[in-house]
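The following pair of complexes shares a single chain, chain A, combined with chain B in the former and chain C in the latter.
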Partner chain A sequence: MHGKELTEHVVFGLGWIYLILVVMNAAWTVRSYKSRRHFELPEVFGGAEVPTAGIWAAYTAILMMIATAHFTGASNPDDFLLTMPDVIRNWINLMANPVSFFAASTGLFCLMIMFRRWLVQDHIGWLLLNASLVFTALSMTDYDFRQIVGKPDNVPIVAMLFIVGFFTWLYFKKAVENDDRIDQGRPLLEQENNEKVLVWPDLVYTELICMVVVTAGLVLWGIALQAPLEEPASSVKTPNPSKAPWYFLGLQEMLVYFDPWLAGVVLPSIILVGLMAIPYIDFNKLGNGYYTFNQRKFAVITFMFGFLPLWVAMIILGTFLRGPNWNFFGIYEFWDVHKLEALNNVNLSEYLWVYSPLNSMFGGLPTAPAGAGALEGAGYIFLREGLGIVLVLMYFFALPPILAGTVFRRFYLRMGFLRFMVLANLALWMASLPIKMVLRWSVNMKYIVAIPEYFFNI
Partner chain B sequence: MASTSTAWIPVRCVGFPLLRSRFLRTSWFRESRHSHFQPVAHQFKRCQNPRDQRSIRVRCFGKARTNDSFNSLLNRRFQRFQMAEKLSTSEILNQIRSSGAVGSGGASAAPSGDAAPSGDAAPSSDAAASDATGSVPTKSKVTSAAKAPGAPASVLDSIRAKGGGVAAKAPSPKSAGDAAPKGASSILDSIRSKGGSAAPASKPVAKKPVPSKPAVPAGDLPSAADMLKAARGVESGVSAVAGKTASPVKPPAVRIKKPASTVKTSDRRSVAVAVFFTPFAMAWWLFSAASSVFLLGCARFMMPNVLVEPPTKFKIGPASDYPPDTVSTKWKAARGVWVVNTDQYNGNRLIYALASVCTHLGCTPGWLEGEQKYKCPCHGSGFYITGINFEGPAPRPLERVGIRISEDGMLEVDKSKKFQEEMGQWEDPASYFQVG
Partner chain C sequence: MSVGDYIRNSQIWKSIFRHPAPYDRRNRVIVMLTNFFLHLHPVNVRQQGISLSYTWCMGGITFFLFLVETITGVLLMFYYRPTLEWAFNDILALRDVVTLGIMREIHRWGAHAMVITVWLHMYRVFLTGSYKPPREFNWVVGVLLLVLTLLLSFTGYLLPWDQLAIWAITVGSNMARATPFLGHEGPGYQILNIGGYDLITNASDARFILLGGRFVGEETLNRFYILHCVAIPLVVATLIAIHFWRVRKDGGISQPL
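And then the complex of A and B:
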């Protein structure tokens, strides 16, 4: 079924993508040849020394053949064989759910930090780039994938993925290099390659050229990809799915787990204020003006965790994996409006009063008797939500001192009370997002404190 | 740097040379072919007003060595720049006139003597270099600065040199040694060294170098007493100089500054004048008043004359139009309500109208017949046919709107009334119509 939607245009276009890959890899082969790197074949194959460039040359040749196959086979797209195998498609669709997505993004994040030394080698970076490009090209043979990725709205997001990946890699490359230099007592990268140039003309000319190139690119983009205009807006008709601008998709994902005023007002404000507060709570004087990881482990990991798994990954989730009715869809899955997902959510108070032995003792949620005053009603609400309120208060007021005494003892001593409390609260707010997500997924927790009477839910 | 950590910056003194050096840094000025013009106007000192013993600031405007018109133009610009610190009109006129007199009358316009052209500054800076530190780089910098007096370095250096020169033995290692006048710290140092230098000059009998008072240890805030002392030292020291050299010709811009610290009763009226009756204050008051009126006028738009909205009360036909266990979506597009006929809420067969607004963030959910639920496309909230929320982030059930059977037997929906389940309002008979 999937192969049917392949069209001549798609196959032809993919041929061009592979051709670009051929050119890129040919250049890389030349680079590799000039570097004269060799590696030994395993004993099975004779153990001879082979130049690395040979491998890249072979890979380039294969790509060339693939590109040729696309150009020649474009006339008969129904019988085209170079598509994403159904096995992989089904497996990825099967694995696709918010839990595995979040676990995978967090796991990748940890792996990236643990194996950064391996990651920053040039040929590994090049391999990863190739792998992602080939994966994208293969996936483009799938109809549903094309529908999502090919939307004019989503093109910049695809570009952003590669840009974020590249700059993260670049950071780690420079940081690892500098960390090595610091260990060996050599001067830093920034000190050694400190070539000062003049603002005029060197910098200004560069900026001018960048300006012209970017403008031209935007104009071409605007001509090539039409803006997706829709019917006139109506207050009673909401598009399905209804997506925020791509840069706010992280916020929209937060809104799935939190009350509007929390996810829409409080958390964004805390993010902004927290980012502004970083220079004031940062007591580490190292790493100023040069790339480093080892000297700023806490700062880098904390920021990157907030940025990569909690923001960029949420943008990816919202863009590519959320479909109609805000259900979760795999990247090769048909966007079925009637996809059924059991999402029965339960408040903590209901767990306590309804789904526990307390139910038989007290008969469900404590509710104010009819005709009770506002004060009495508030008392019943506090009784009902007492556990949640205590838990939330403990989270924000008991945890920081505990952290100060145990895990972050060194931090507390160096930062002093006020700065540490600011840091701890910001960190706790940041942690509240994954905590709530995990609670929602694991025990269908809707709200820890649920007081809909006063529009207060946590 | 030790000196950069000093937090105390006497704004009144420092802000001014900062502006100046910024001004001088413009290439227009520095690279001018008329570099023989001497911008010595930076040399200001505190003097003592013989009348009220208060600190006054004497601004000594430079004179041009030559008489060419470009220089006088520059001179005037320079003065106008300095007048950023509120001079009265008469004072400004006075200055311009006096500078004109300088151009024609020769060397008489710098009555305080400190404002001498660079020929004066060079020897004193040399003296400073040799006296205070004697370090070679400082000296070379100073002399080079004397050659190009327009540069900020020279300005600062000459200030510094002057300070050092007056204080023969004043130990100001920070100011002289730290030659590069890059930031506020160096300027601060120069000021401070001047203060330090002035103290012994005022009391030559004591011959005490007063080493520690003005040159505060880095990072410490000087005590109020120290500050006062330093200031007084400057005043008295300079006044001696100024008194000696004051020429009877024409005093240039002399402005009396009242110390802000002592507010006397007689000043109260002037405070009122400052708050209400200066042109500046009046302009602000007028502006505030106009803005307030404008904002109030904007509030008027909250009550429009004509409201282009469908009426909140409308007939939806007889009850027989809504068969049991159905959700009618025919009023959703135009009026934003579902009309529901169900017995699932409390066992009674009811017809009621639900507002099609999600209680999470206000999107419009859709009714899914197959799943028998309302489902919101924005964040995935789901509601049963009754309107009770059960999935997604929506914190409370959908809201009912008013419904009644009207006099002609038709059902009439009233969207101006809301009934919230969690508030127990669904018990209200106005929120439903019981069938049979």
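And then the complex of A and C:
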């Protein structure tokens, strides 16, 4: 099924990707040769010292052969062997669901921070880049993967993944270096070679080159990929799935867990207010104008957690993994409109009144008797949703003082009341998304407070 | 005397450029002070402030992309009419008929790229702590510019008037329906009523204001077109001016004063 969709065109195109990899790794081999790095073979292989460049040369040679195979072996694409193995495809499809996706992205985030020292070594970064490029190239042999990733509008998102990855790596590289320098009392990276230079020519020429490169890139991109144009607009033919523009797909993904008034209005507003508030709640005077991690751990981890797993990863999820009916699909999975997913989510009030001993005592959810006035009806609603309302109020009003007195006591003392309360509330809003996700996955929680009568569901 | 020298010594040249060619140190200073475009920059900067591995160049690229979008956008406006009758057909013509028809491609890819570069610019400013005093307010201006960039992209998304366009905008703008108090499916809209008549209906709520109608239609197209081509760019240009001015006044892109 999969192999059939492989065309000559695709195989030939992939040849180019491998050729680029060959060129990249040839350059890397030269760099490695000049650095004269060696490593020791394990005892079984004789324990000899081998130049690292040898390994890279061998790898480059293999890539060269793979590229050649792509350029020459496309006469019968059905029999082409260099494809993503079905075992891996099926396994990834099987493992892929929102829970594992979020767990993986959060887990990777934690690992990245814990093992940053290991990560920032040049050859590790290069290995990861190679691994991700080869993985992408192999995945492109899958028809369904190509359908999603190859959409012209999705190409920038794939590029963004690599670019964000690169700059995050670069940040950690510089931050780790600076943290070492601070520990040893040496001047920072940014303090070396920091004398004043004339803007003409140093900056003006950089800008000119930059403009030329960006323009050339855009023109090439514009020639290579045509801007998408679908059928003329029709207000009766609803596409499935209907997706917002890609940069809002993180917000659209939140709709799975929150009602539109929260996911579409309140949370985006809080994100913006929160971003604007950053300079006023960050009381840390260190880390102004240089890369560092150790001196501002809390700030960097919080911001990165918001940007990487909660924003970029959610966009990836919304763009590549959400198909018809907003169902979750693995990256190699066919977007089947008829895929069914059992949805029996339960409100907190139903847990309290229906699925507990209270059910036999009071006979289900408290409902206002027929003919009850508006005020009486509201009273019944408060009784029904009382537990949820109390929990939400406690989350936003009782938790900050508790945090101020315990875990974040030092923060509170240094920040003062107002700053701390703003910080605590913003942090709690940010945490509300993962909390609601985990509640949904673990106990099928639909709403903590469910007042559909007034469109007020949390 | 060479041709170049002859041109540079002519009355016309000297009337346009108020300084000699920046070949020596003195004139490299003077050029920065006397040229309108260059005077956005200071005369000299710290090495670190222009080091690519430090700045990632993302703010500069974002600004350049804004210029690219403006130029290609103006070219597109020559061909495009924001009406139900013509919008889609004009885009078709842009693709199939117009000579050198990659302006729409450059405009669209440039827009996507600009969203990404704005994010990365913010990422870099955060990671270098460059929002710290005295640059707090410039960070706030930057956040506003980020929002406006997204809105520019969002309003532009509708203009091709194909299925991709109207349904993306429909999905995006449906959120406004749920605005607390001001959306007709938002919590608390019932509070705004006079004598039992709701003030907030599907013909008067936040979504209606955004779309100019109860669904994405011709009014919406007109509204988004004006927002996209006139209103938001004017605001963005103003804020960019403030953003750059503050960079100068706050003593460069980074580091305490």
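Side notes on the structure shown:
Going forward, the second predicted complex is superposed on the first by the 454 of 458 C-alpha atoms of A that agree within 3 Å, B and C clash if a C-alpha of one lies under 4 Å from a C-alpha of the other, contacts with A are read in each partner's own complex, and residues count from 1 in each chain.
Following the convention adopted for this analysis, a contact is a pair of C-beta atoms (placed from the backbone, for glycine too) under 8 Å apart; a residue touches a chain by one contact, two chains touch by 3 or more.
Just so it is clear, the model here is predicted, and its values are computed rather than measured.
Once the two complexes are laid over each other on the shared chain, residue contacts for A:R296 go to chain C alone; chain B is not touched. Contacts of A:K446 after superposition: chain B is touched, whereas chain C is not reached.
In the superposition on chain A, contact of A:I270 is made with neither chain B nor chain C. Applying the stated contact rule after C-alpha superposition, one finds that A:V219 touches chain C and leaves chain B untouched. Applying the stated contact rule after C-alpha superposition, one finds that A:N194 touches chain C and leaves chain B untouched. Contacts of A:W326 after superposition: chain B is touched, whereas chain C is not reached. Contacts of A:L340 after superposition on the shared chain: chain B is touched, whereas chain C is not.
Between chain B and chain C, C touches the greater number of residues of chain A. In the superposition on chain A, A:D202 makes contact with chain C only, while chain B stays out of contact range.
In the superposition on chain A, A:D259 contacts both chain B and chain C. In the superposition on chain A, chain A positions 234-235, 237-239, 242, 252, 259-260, 264, 455 are in contact with chain B in one complex as well as with chain C in the other.
Contact residues of chain A toward chain C in the complex are 153, 156, 159-160, 163-164, 167, 170-171, 174-175, 190, 193-204, 206-207, 210-211, 214-215, 218-219, 221-223, 225-235, 237-239, 242-248, 251-252, 259-261, 263-266, 272, 275-276, 278-280, 282, 285-292, 296, 299-300, 303, 307, 451, 454-456. Interface residues of chain B facing chain A in the complex, by the touch rule stated above, are 332-336, 356, 360-361, 363-366, 368, 370-371, 375-380, 382, 390-393, 395-396, 422-424. Partner chain A is touched in their complex by these residues of chain C: 22, 25, 28-29, 31-32, 38, 41-48, 50, 52-54, 56-57, 60-61, 64-65, 68, 88, 91-92, 95, 102, 104-110, 112-113, 115-116, 119-120, 122-124, 126-133, 135-137, 139-140, 143, 146-147, 150, 153-154, 157, 160-168, 170-172, 174-180, 183, 185-190, 215-217, 254-256.
Those residues of chain A that touch chain B in the complex are listed here as 234-242, 252, 255-260, 264, 324-327, 337-338, 340, 342-345, 370, 446-447, 450, 452-453, 455, 457.
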